[in-house]
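Pasting the structures here.
In the two complexes below, subunit A is the common chain; its partner is subunit B in one and subunit C in the other.
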Partner chain A sequence: MRFSRRLVIGTASVAAFLMVWQFVGQREIVRSDLISYPTEVFATFAHLTATGELGTNAAVTLQEFIEGFVPSIVLGVIFGVVLALVKPVRELLDPLLTAIYTAPVIAFIPILVVWFGVGTYSKVVIVFISAIFPIMINTRVGVSEVAEPWLRAVRSFGADQLQIVTKAILPGSMPAIMAGIRLGLGRAIVGLIAAEMYVSISGIGRMIQVYSSAARAAEIIVLVVVIAVFGYVCVTLLRGAENRMGTWRSDLE
Partner chain B sequence: MAVGSGVAPLRPVALPKFRSSSEATVLGILGIVLFVGLWELAAQLGWLNPVILSSPSRIAVAFAGQWQSGQFSADLGVSLAELAIGFGSSAVAGVAIGIAMGLNRTTEYALDPFVWFLYSTPLVALYPLIVVWLGFGFATVIAIAFMLTVIPIVVNTMAGVRAVDPSVVRAVRVFGGNSRDVILKAVLPASLPYVLAGFRIGLSRALIGVVLGEMFSSNAGLGFRMTVYAAHLKTADVFVPLVAFVIIGIITTQLAIMLERRLQSWKT
Partner chain C sequence: MAQLEIDRVSLAYPNAREKSTFLALDSIDLGVERGEFVTVVGPSGCGKSSLLMLIAALLRPTGGSIRLNGKPVVAPGPDRALVFQDFALLPWRTVLKNVELGLELRRVPAAERETIARKYIAMVGLREFERHFPHQLSGGMRQRVGIARALSVGPEVLLMDEPFGALDAQIRQVMGVELLKIWERDRKTIVFITHDIDEAVFLGDRVIVMSASPGRVLEIIPVDLPRPRPHHLRGHPDFVAYRERIWDLLEEQVRSSLHWQSSDDVPPLVGV
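Right, the complex of A and B next:
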């Protein structure tokens, strides 16, 4: 009942917004090259897809994203566990890592381009450093909050160090790790698009930059929506993975 | 998750502690000193290409140069002003919209799709359109910072309003309070921890907005200066605004955390 009311009102308000936008844009009440209108955006999407321009550039961006994001998950979790379990390392590095974590990582884009060039490499690196800090810090917090009884239980059954990590620490801190991955995902997407816009040879961000110098609102809106949908799909996949792990976790408990 | 279709509010609990003991403080400072020292050593011994990686001493010299010419303080002033106006306007608008969405289901359902969209969109991509409206520079940077900042504040305020104990609202009503009293005396105080957590995440996003806005659509400020130096391969000079951004990030986050802690201890 409640859900359907949410759906009805939400759909109605989006529909109203699209209609006003269509009217204002198409009738040139506001210059349509600045705001475009829904049917033009849709036609532009079809055109960009048909010419293959969207697909080619999206593939480049997706590849940069995966090449940066996957290592950031693996290394972020490993470093996070080490930070949580090895006290001297944690105390030595905590202020330094907190500083980088709170810093706007996108400010590193110009220097990364100097270091890694205008090609895909600098984008992979920005994805990596955007994502790894939230993952690492969340893992570290999650691991240090794993309940002591769990650890005692696993130890009392004679588990070795590796088993303690894989059987108690990782499952116990999984919600925090997933929260870190979600946070890292958002930052990585913004960092990647900003880096491509800053300077690049191909990719969605590059397309945005090209069309912006031609003041093409329709193309820019298509690209922005494509990125938003990509982010939504990733978050949904993560939620699905999280829920499956959640049931696995409750089995464990 | 009680609210929204996809945007989770930041919980106002379990703030990470920056330092735990004096031993940790000493080790932490040692960590930073070691990092800077190794970097300098590697540069001095010629292991690193100074044009590409620079070195702490070169950055210090670059900072002195920018400071003496007045360039640094001018850029810093512009960036801080954009940060303050961008964050301040988002705080006011975000709390107002968040309360409206929290108190009224219909408002929430109607605005929720837009909140979700703005939250999950890299808004910087829209900067070309904003530039056409607001021109190159100050106003555009503030607009980008505003769009990035307002959403987490809305989401958190709404979550805070939902967390208000209905019996407190009833009590205000029973004593003859009107809607204004309910908001000022019951809703705002009770949702304050959530609102402050929203401010904390909002502050860091406002800073990101300023950096992005200045990098792409400005002719002044630390972010703009960084891109100019980078284009001229003046690596040491690029690091000066970069380090300034890092320090601004640390200071604003710590201030927000201190404020939250103070409020929590006052409540208990």
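Right, the complex of A and C next:
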């Protein structure tokens, strides 16, 4: 059983890491106010949860994330398809898009805060522009690599333009689109937390910023773990969606 | 009046580099009767596949006209269905969903199209494989999916573009026999493109022999061999005579197409 073997080794390595951390921190081999230790982190997590501080701030961050990410998927895929299929649009926008895509989004945070304020709007916008470019550019590449036989097959049955897009082009470029969404997800989380840390009223990033100025290692570690778990859950959900859409991968053809 | 009438059809492609046109098909005249199995042979590049794309209306002729049941062919329609050499299956769809494709594009309700698709999947002997994906099937099985997909829309004319060209020699012969069995059951009109003379004689009621580029109809040869045609017919003296006769017609054409290919139209091989 290879799966259970992997599970055992994985669990053992995590457990070993936690035990060493606990030992080094609790015995003050390294200053525990700098690295904390697992039981303290867990107690802090319980405390932050009990007071409602974590839940309230996480809800704000989650809402900003969803409000920015969902439109970036929808519009990113639509724009990507248009870019791939309409040559004049592509020629016109390619240099601009490449320039924005390669620029670090974090550099745009200050100006976006000026435009959209210190509240949640600027964060939603950051999530949106962080995620839309990788989604759009991956969709574009995926669409332009849709194989000619698939198009020929649907055309031969008299498909109209919309059916060509929905029955051949979109499913045919789905692996590239999903890769773009995964890429966009990572960028969106980075941009969102960075923007909240830069200036905000509430949110996980805001909490990190507050606790870091008070040099509270345990709280910061709790928040970092919360973000990591959120990213992991999102990637798992995406993979589940991908599997549900069929076991098709481009390397199988 | 023939069911399918091809009337002085020409096809020319613009050649931007030389500011000229390349003539792929030159004044093709052909009538195909209802229920007839017509095979088309010709050297590579003679435009025989283009002829099929014209009948399917995936290409427009630059001259002449094509009529089906007396009506001009202007767009792909439910009365014709294509089977391709490269199968052209959708890799993200199961066998069942691939066979449903044509019906789905014509907005046939889900339950109905599933019933129809199952019927044709059974007909091509893939009943146990309807949940499989194309990459899990052999070449011969994939083409059976292609045939089931074409038949499922209930076309009057089946257009087959070198359908067994990507299969190995033994599978090819088996598929030919199976195709004849299916055809003898419902007698759909079939236009079958091939470069394999044996296949053309074995399957066809008539063999259309085409010239090298530009494609013209060189000769139309009625094949007077009994049906159903058993596998061992290929050794019969009459069969051999047909094969020899067609080969005599084609040999010169193949030589001239070789000559054409050795001119500077074809990029030189690099790094050999």
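Keep in mind that, in the parts below, the second predicted complex is superposed on the first by the 246 of 253 C-alpha atoms of A that agree within 3 Å, B and C clash if a C-alpha of one lies under 4 Å from a C-alpha of the other, contacts with A are read in each partner's own complex, and residues count from 1 in each chain.
Heads up, the rule we're going with is that a residue touches a chain if its C-beta (ideal position, glycine included) is under 8 Å from a C-beta of that chain, and two chains touch if they have at least 3 such contacts.
For clarity, every value in this text was computed on a predicted model and none was experimentally measured.
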Quick check for you: in the superposed arrangement, does A:Thr166 touch first (subunit B), second (subunit C), both or neither? neither
Identify the partner contact of A:Arg6: answer first if only subunit B is touched, second if only subunit C is, both if each is, neither if none is. first
First, second, both or neither for A:Asn243, with subunit B first and subunit C second: neither
Tell me the contact category for A:Thr51 with respect to subunit B and subunit C: first, second, both or neither. neither
In the superposed arrangement, which partner chain does A:Met174 touch: subunit B (first), subunit C (second), both, or neither? second
Partner touching more residues of subunit A, subunit B vs subunit C, is chain B
Touch test for A:Ala153: subunit B only (first), subunit C only (second), both, or neither? second
Which residues would you name on subunit A as touching subunit B in one complex and subunit C in the other? none
Write out the stretch or stretches of subunit C touching subunit A in their complex. 56, 58, 75-78, 81-82, 84, 86-93, 101-102, 104-106, 133, 135, 153
So, in the complex, the side of subunit A touching subunit C is made of residues 149-150, 152-159, 163, 167-168, 171-172, 174, 245-248, 252-253
Using the touch definition from the top, list the residues of subunit B that touch subunit A in their complex. 5-6, 14, 16, 18-19, 23-24, 27-32, 34-35, 52-53, 105-106, 109-114, 117, 120-122, 124-129, 132-133, 204, 207-208, 211-212, 215-216, 223, 226-227, 229-230, 233, 235, 238-239, 241-242, 245-246, 249-250, 253
Residues of subunit A touching subunit B in their complex? 5-6, 8-10, 12-14, 17, 34-35, 88, 91-96, 98-100, 102-104, 106-111, 113-115, 137, 141, 186, 189-190, 193-194, 197-198, 205, 208, 211-213, 215, 217, 220, 223-225, 227-228, 231-232, 235
